[in-house]
Structure formats: C-alpha cells, structure tokens
Amino acid sequence: MTAKKVCVVVGVGPGNGAALARRFASEGYAVALLARTTSTSEALAAALGDARAYACDVTDAASVARTFDAITLDLGPVHTIVYNAGSGTWGTVEDITPDMLEGAFRVNTLGLLLCTQRAIPAMKAQGSGSIVVVGSTASRRGVARTAAFAPAKAAQRSLAESMARHLWAQGIHVALIIVDGVVDSPRARAGMVGKPADSFLSPDAVADTAFHLATQHASAWSFEVEARPFNEPW
Amino acid sequence: MTAKKVCVVVGVGPGNGAALARRFASEGYAVALLARTTSTSEALAAALGDARAYACDVTDAASVARTFDAITLDLGPVHTIVYNAGSGTWGTVEDITPDMLEGAFRVNTLGLLLCTQRAIPAMKAQGSGSIVVVGSTASRRGVARTAAFAPAKAAQRSLAESMARHLWAQGIHVALIIVDGVVDSPRARAGMVGKPADSFLSPDAVADTAFHLATQHASAWSFEVEARPFNEPW
Amino acid sequence: MTAKKVCVVVGVGPGNGAALARRFASEGYAVALLARTTSTSEALAAALGDARAYACDVTDAASVARTFDAITLDLGPVHTIVYNAGSGTWGTVEDITPDMLEGAFRVNTLGLLLCTQRAIPAMKAQGSGSIVVVGSTASRRGVARTAAFAPAKAAQRSLAESMARHLWAQGIHVALIIVDGVVDSPRARAGMVGKPADSFLSPDAVADTAFHLATQHASAWSFEVEARPFNEPW
Amino acid sequence: MTAKKVCVVVGVGPGNGAALARRFASEGYAVALLARTTSTSEALAAALGDARAYACDVTDAASVARTFDAITLDLGPVHTIVYNAGSGTWGTVEDITPDMLEGAFRVNTLGLLLCTQRAIPAMKAQGSGSIVVVGSTASRRGVARTAAFAPAKAAQRSLAESMARHLWAQGIHVALIIVDGVVDSPRARAGMVGKPADSFLSPDAVADTAFHLATQHASAWSFEVEARPFNEPW
C-alpha cells in the first residue's frame, strides 16, 4: 500500500504506454502497467520503482475485475486511468470481416467501459479522479480504409463524452487525446522508411499533454485535445 | 422474380419501418421487410402487393446471409437498403452493463456491416445502389444518459461514412439520416402524455427524405441529413 | 401582384442561381432574380414568365431595402429566399488583404442578414417561410488557402444556424446546403481542362435538393445537407 | 530591448487578459499589454516589471501597425501572441442590427488577422512562434440569441484553423482555446447573483492552458482545446 496517488496505464507497449508510465511515475504516482502479457512491462515497472506490471485482457470483464482488485490491494485505490489500449486494423467495408469490426470495438470501447466501471467508486470515494483516453483522429471521421478502426474509435470518443458529461460534476475529469499522426517507435520507423524523423509523434510529448490534462484546475477542464506533429497535413 | 428495383427495409416496426416500406412500394420498388419476427410485417407486406416479410436477426451473420439469399431468389438483386434497425437503451456509465453497450453496437453497427456486405456485389453488378441509414442525433454527441446508445450510433455513423467514401465512387450512394426527436407511434404517444401532437416526427416525412436521398442525382449527393421537428429544441 | 408564393433567388449568375430560378418558377412560384446587375438575369426572367430581375448590392442595406420593397409591390410578400450570393477569393493568411477578408464576410454573411431581416415579417405574417442558404464545405474547415473565404462561410453557417434555432419554431424553415465540389458552368470547365465532365456539380441537381428542403414537411426538417459529386474525394 | 521572448497579450481587461499577462511575465517573457485604452493595463504593466501597456484599436489597421512597430522597438521581435480581444453582444436575428454583426466580426476576426500579419515575419525570422486565440463555444454552434456573436467567433475559429494549416509547418504554433462558461471577475459575479462561486472559470486556469499550448513540443501540438468548469452543463 502507498500514500501516493495511483495511476493505471492501460496498454503499455514500447510507445505511448511506456512514456505515460514514466511520466506519471516521475511525478510521484504509483503506477500500474497493464498489458496482455507482462513480457515487456515487467522490466519497465522494475525500472520505475513504485510501479507494477499486470497481465490483463481489457475485453474480458473477469480479467479486468481481477486486475483492478489486485491493483487496489497492491497500490491503493485508483485515482487516474490513462486508457491507451487500441488496435489498428485497416481495410474498406469490402475488405474487413465482422470479427475485425467487433474486435476493434471490444478493445477500444468495451475495455474502456470495463476499466472505468471498476474505478469509479474509488474515484468518487476520493472526491477526485482523472480518466484520460488516448484516441485517434479516426474517431472524428471514417475514411475508406478505416471501416473497422474508425467506428471503434468513434464509439470510444462517444463513450468518453458521455462519461465526461456524467462524471465531471462529481469531480472526475474525463478527457480525450486525439492522436493525429504516427507515434514514434523503432517498429514505426522500420515500417515507414523515408518518413522524416521529425514527423513522428514523440511519446514523451503525448505524455506531457496527458499529464497536463490529468492535473488541470477544475475550473477550466478540457475534454478533447489533439496531439499532432507540426508538419502533419490535416 | 421481378423487373422492379429491390429495396430492403431492415427493421420494420410500426413507425419508420412501415412508412419506409409503404413509400418505396408506392414508388415502384419490390420491397423486402426485415424484422426479428414477421408477426407485424407479414400483414403489411400483404397489403403492399409486391412485398415480402422476412424474419432476420441482423446481429447473426448466418441469419443475414440466409435472408439476403432468399430475397435475391424471391425478388431479385438488391438495389437499395434502408437500415432502420436500432435500439434505445438509456443509462449513464454507472447504470449500464457491458452487455447493453455491446448489444447496442451489434444491432446498430455490426448489423449494418453484415447486411451491406451481402448486398454490395449485387449493387456493383447493377452499377448503382443506395444505402440509407436511419441514425440518430446521439451519433453526434454522447450525453450522460446515452452511455450505451450514443457509442453505438457514433460507430454506425462512422461506418456509414467509411462506406460512403469507398462506395460512392462505384455508384453506390450511402447516406445517413440523423433523426433528432421522437418518432410518432401510438406507443410513443402513450409514453409521453402531454407532449404536443405536432412535436413528434412523422414517419411519412422521414420516409420522404429517405426516398429523396435514395434517388438524388449522382452529381450532388448528400451524406448526412437531419430530420427534426420544427419545434424541437437543439 | 400574384397569388403565387414568392421566391427570391439572391445571386443569379449562369450556375446555381439560374437553375434555382428555373426550378422554383416551374414549381409555380413567382420568382425575383437578384444580382449586382440585371445584364444576364433580365433575359432569364423574361424566359421564365412570372419572374422579374432586380439589381441589388446585398452588402448595402439601402439597396436591399429598396429591392425587397419593390419585390413586395411587384410580386407580393416574400415566402422563400434562396441565398446564393457568394465569393471565392483564395489565399493564405500571408497572401490575403484585410479587405479580402472583410469583403467575403460582407457578401456571404452580412448580406444574408440584410435580406433575411427584410423578409421575416412577411414570412411571420404568412405563418410559413423558407430560407435556403447555399453554403460551402469551407464553412466546416479552414484550409491554408481559404484564409478569407472559409471564415466568411463559417460565419454564414453560424448565422444560418442561429436563425434556424430562432425561426423554425415560428414556422420558418432555415436550411443550409454544403456545396462540396465545383459547380458546372462553361467558365468552370474552361478553367479546369482535363477535369472529367461527371465530376462537376449539376446546378439542376443542387436546385433539386434546394426545392426538397424548401418544401419538407415541418415534422422532419433538415438543417444542413451536403451536395457533393459521387466521385469527389472528401 | 530585451533578450527575453516577447509575448503580446491582445485585449487586457481585468479577467483573462490580466492573468495571461501575469503568467507569461512570470515565465520570463517580456509582455506587451494591448487594450483600447491603457487606463487599467498601465498599472498592471508597471507591476509586472518587464512589461508595457499600449493603446491599440485592433479593428484599425494603422493602429495595429503602429502598435506592433512600437513593441518591436521597445521589447524586441514578437514571438507569441495571445489574442484575447472579443465582444459579447446578445440577440436573435430579429434583435440585432447589421452593425452589431459587423462590429463583432471586426473585433474577433479582422483584428486577429491584422495582429497576426504584423507578427508573422518576425516569427518566421526567429524560426518559431505561438499564436493562441481565446475563442468561445459559440464558435462551434449558433444558438438563437447569438446571431451576432456566434458568426464572429465561428469566423475567428475558421481563420485560426486556416492559419494553423499554413503556419504550423513553418514552426509557428496556432492554437485555439474554446472558453465554455463565464470567466470569473467582480463584474461577472455582480451580474450573476446566486451562481455558485466554483462555477466560474478561473482566469489563472485559462492562462495555465494557454501557457501549456504556447510551449508544447512541436511533435505533438494541439489546435483546439476547451476550457470549461467541471460543473458546467454541455
């Protein structure tokens, strides 16, 4: 147990997730790192100090329940969630399968509901909380090749907005980051040879905006905020 | 088999669905009426003449496949779909169950994909087609008590937009009606005593806009169109 | 004086304006054709029968007042306005002059207010009226080269929306057509050699949607409707 | 002359403007305070140290040119502009005068263009700059009683977006704060007796978000950010 605020980062891979965990840890939070397996998150948790890695399938209600119970026992009541779980299947309405559509919805939207519902009582008991969702520009519009991904992100954005309108008045700040561009990572660079180095989103910069949102003064909260490289066309 | 264009109305209850079926039938279409059961749609089909009722669970891929195969055999290749299936569960993020969220998504969004995928090849073979989706103002914003409904309608709108950007160029017009208000029906009136009679949406007026969309000239297509009573606050 | 409904088409050149005038005339309206000069509109008015051309500078309150007084005297009380006046100056924030920004605002937005204010009392006296504004996709987003045009169209859309929320409940239908593409005309074709013939908006198709809007049933009015060629990227 | 970065706060009254000036001064900027008169800004400038008050009519090109020339001479090349000039006339389309519509446009939109055009060359010469516009939720929708105000704010938002799409790639960050609520001030409180103290926007909190925007890392810039009290309905 700890006296620190507890932040749960959902979806910790090498990109945004790791940067978010580092940032909240360095600001004095106890951090829970959630991923499908702990293969990469365990080493990160160890390096961060007051942090712990958990294996969690966010689309499985029982797995989410077990994980949040364990976090509460290990670290204390959850104060902040940064929901970074996501998926990026591409294809038109003619390419995708119904499973791809449903799978994207389950990771991006259902998982957000499952995690949030496990944490709201603790946030209400503390009188404050933050839920920052890492969304995507696909939530604002569906283009031809995002027939599975865009509906999932649109549903996620809509759920976040519904949650915000219900939870803000109870002191729980729900906010959404619209990531518009490619987040930097060795894999992203390898997949996009020739794309200029300064045209990727820095995970640390995304984490900076996430932390700003999670600690805004309640008299001037933001809901929806883009994170976009200066040289990204939009 | 028929030489008429074939219109499939998905979701035929006493409100919009019946009015849509009547309108397309009166404009010379052969009409397939889809509902979970044919208990009310059968009588309507009989009254319309060149029309037929089908029991179909739009969330079940096999049921959709069987139904569209039967329609093709009975009436001919599908030219127009009016997707009117929907659901209206209310509740905040604290009230709803994950099943409510997922169920709404399956009826509103997954079902749209399943039906559309069965009809696209025929529309492409005909060189033209229309898909008109009956959406909701909830697709544009999530409010506190639409934690299950709004994400489903937002996902539906996003899928429709993705489909539009892919299919328009192939001569298939995808459009979305944003219903903003309460559609008139005996049940709606009974549930809202005191609400003025002229503040309900007339199903015939919704059908008029759906028909306008389904027959617009391809040089000036609309994607998203509201249907809202003149005295509805917005 | 006439027993017909009176429609004022503001901004009659060879494209949308002429098609709008023809359509409303053929549907039985008496039509007033407004343009800065009557050099082209006079011949059109003569051909239409119950129609009349007026020279009007929509950015000049006195000119608008004189014109609407004359229309009322000549044709009767105004029932419908189709506001098609517009301007299309291109340039970035570094290219444009303040006069270009202000000029675009005056034609697109101030003129809409001036014309509308002269007609509202007559519409209220008749118990019904229609105001259809021909807008642009630029009203939804400003891109680099629309630093003067997009703000004017955004202001026009905002004014139309404010008018709608105030006037609908009084039986006056305000609606907006979002033109997204290049309207066909000999001049447009000459300026865009190589652009496929079927990628221009047909003025008659725009007029068809304008007429649909002007005559929708009050239980299911639309506010904002796109008009976009099937093969236009968006 | 100074080695500090120069920030121009346009529109310095007792609310946001003063808080913005204090914040940028405390972060090490030399600050220019612009208002129609220097009656209140002069005392604030004196208290801030490296700051100076200027009388400027932002709707007058010559006044803006003189002021920016003086700032450059007095403090150095402009690096950051926070555009806080605005106006709030209320009324429906039937209430407002054309002058009210045009006046609102001139203060909110034309003034933004005039100020920005005077500073872009210096920002380009420095290789970086920030332009933060204090907008309003009225920019997103026009309601009945904002027939003059909403179009002006919509035009301002559109101009800001056009500027962003042109200037970001040159290292100049243009961003927009959507103020959604009533900014705290003695006058606001006096005018809204009974409104809870914690339902006003704190100017310091708005300034915190403005400063965050003005110093974001270029790999993850935001364009549009709300500032809304936790208990404001939306």
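Read from first to last, the chains carry the letters A, B, C and D; within each, the first residue is number 1.
Basically, a residue touches a chain if its C-beta (ideal position, glycine included) is under 8 Å from a C-beta of that chain, and two chains touch if they have at least 3 such contacts.
The structure displayed is predicted, hence computed values, not measured ones.
In this structure subunit A contacts its sequence twin subunit D using mostly the same residue numbers, the overlap exceeding half.
Our note on geometry: subunit A versus subunit D, Cα centroid distance of 32 Å, whole angstroms. In this assembly, the C-alpha centroid of subunit B lies 46 Å from the C-alpha centroid of subunit D. Residue positions of subunit C touching 2 or more other chains: 165. According to the touch criterion at the top of this document, the contacting chain pairs are A-B, A-D, B-C, C-D.
In the complex of the two chains, the subunit C residues touching subunit B come out as 165, 168-169, 171, 173, 184, 198, 200-202, 204-206, 208-209, 212, 216-231, 234. Contact residues on subunit A toward subunit B in their complex (touch as defined above): 61, 92-94, 96, 98, 101-102, 105-106, 109-110, 113-114, 116-117, 120, 138-139, 141-147, 150-163, 165-167.
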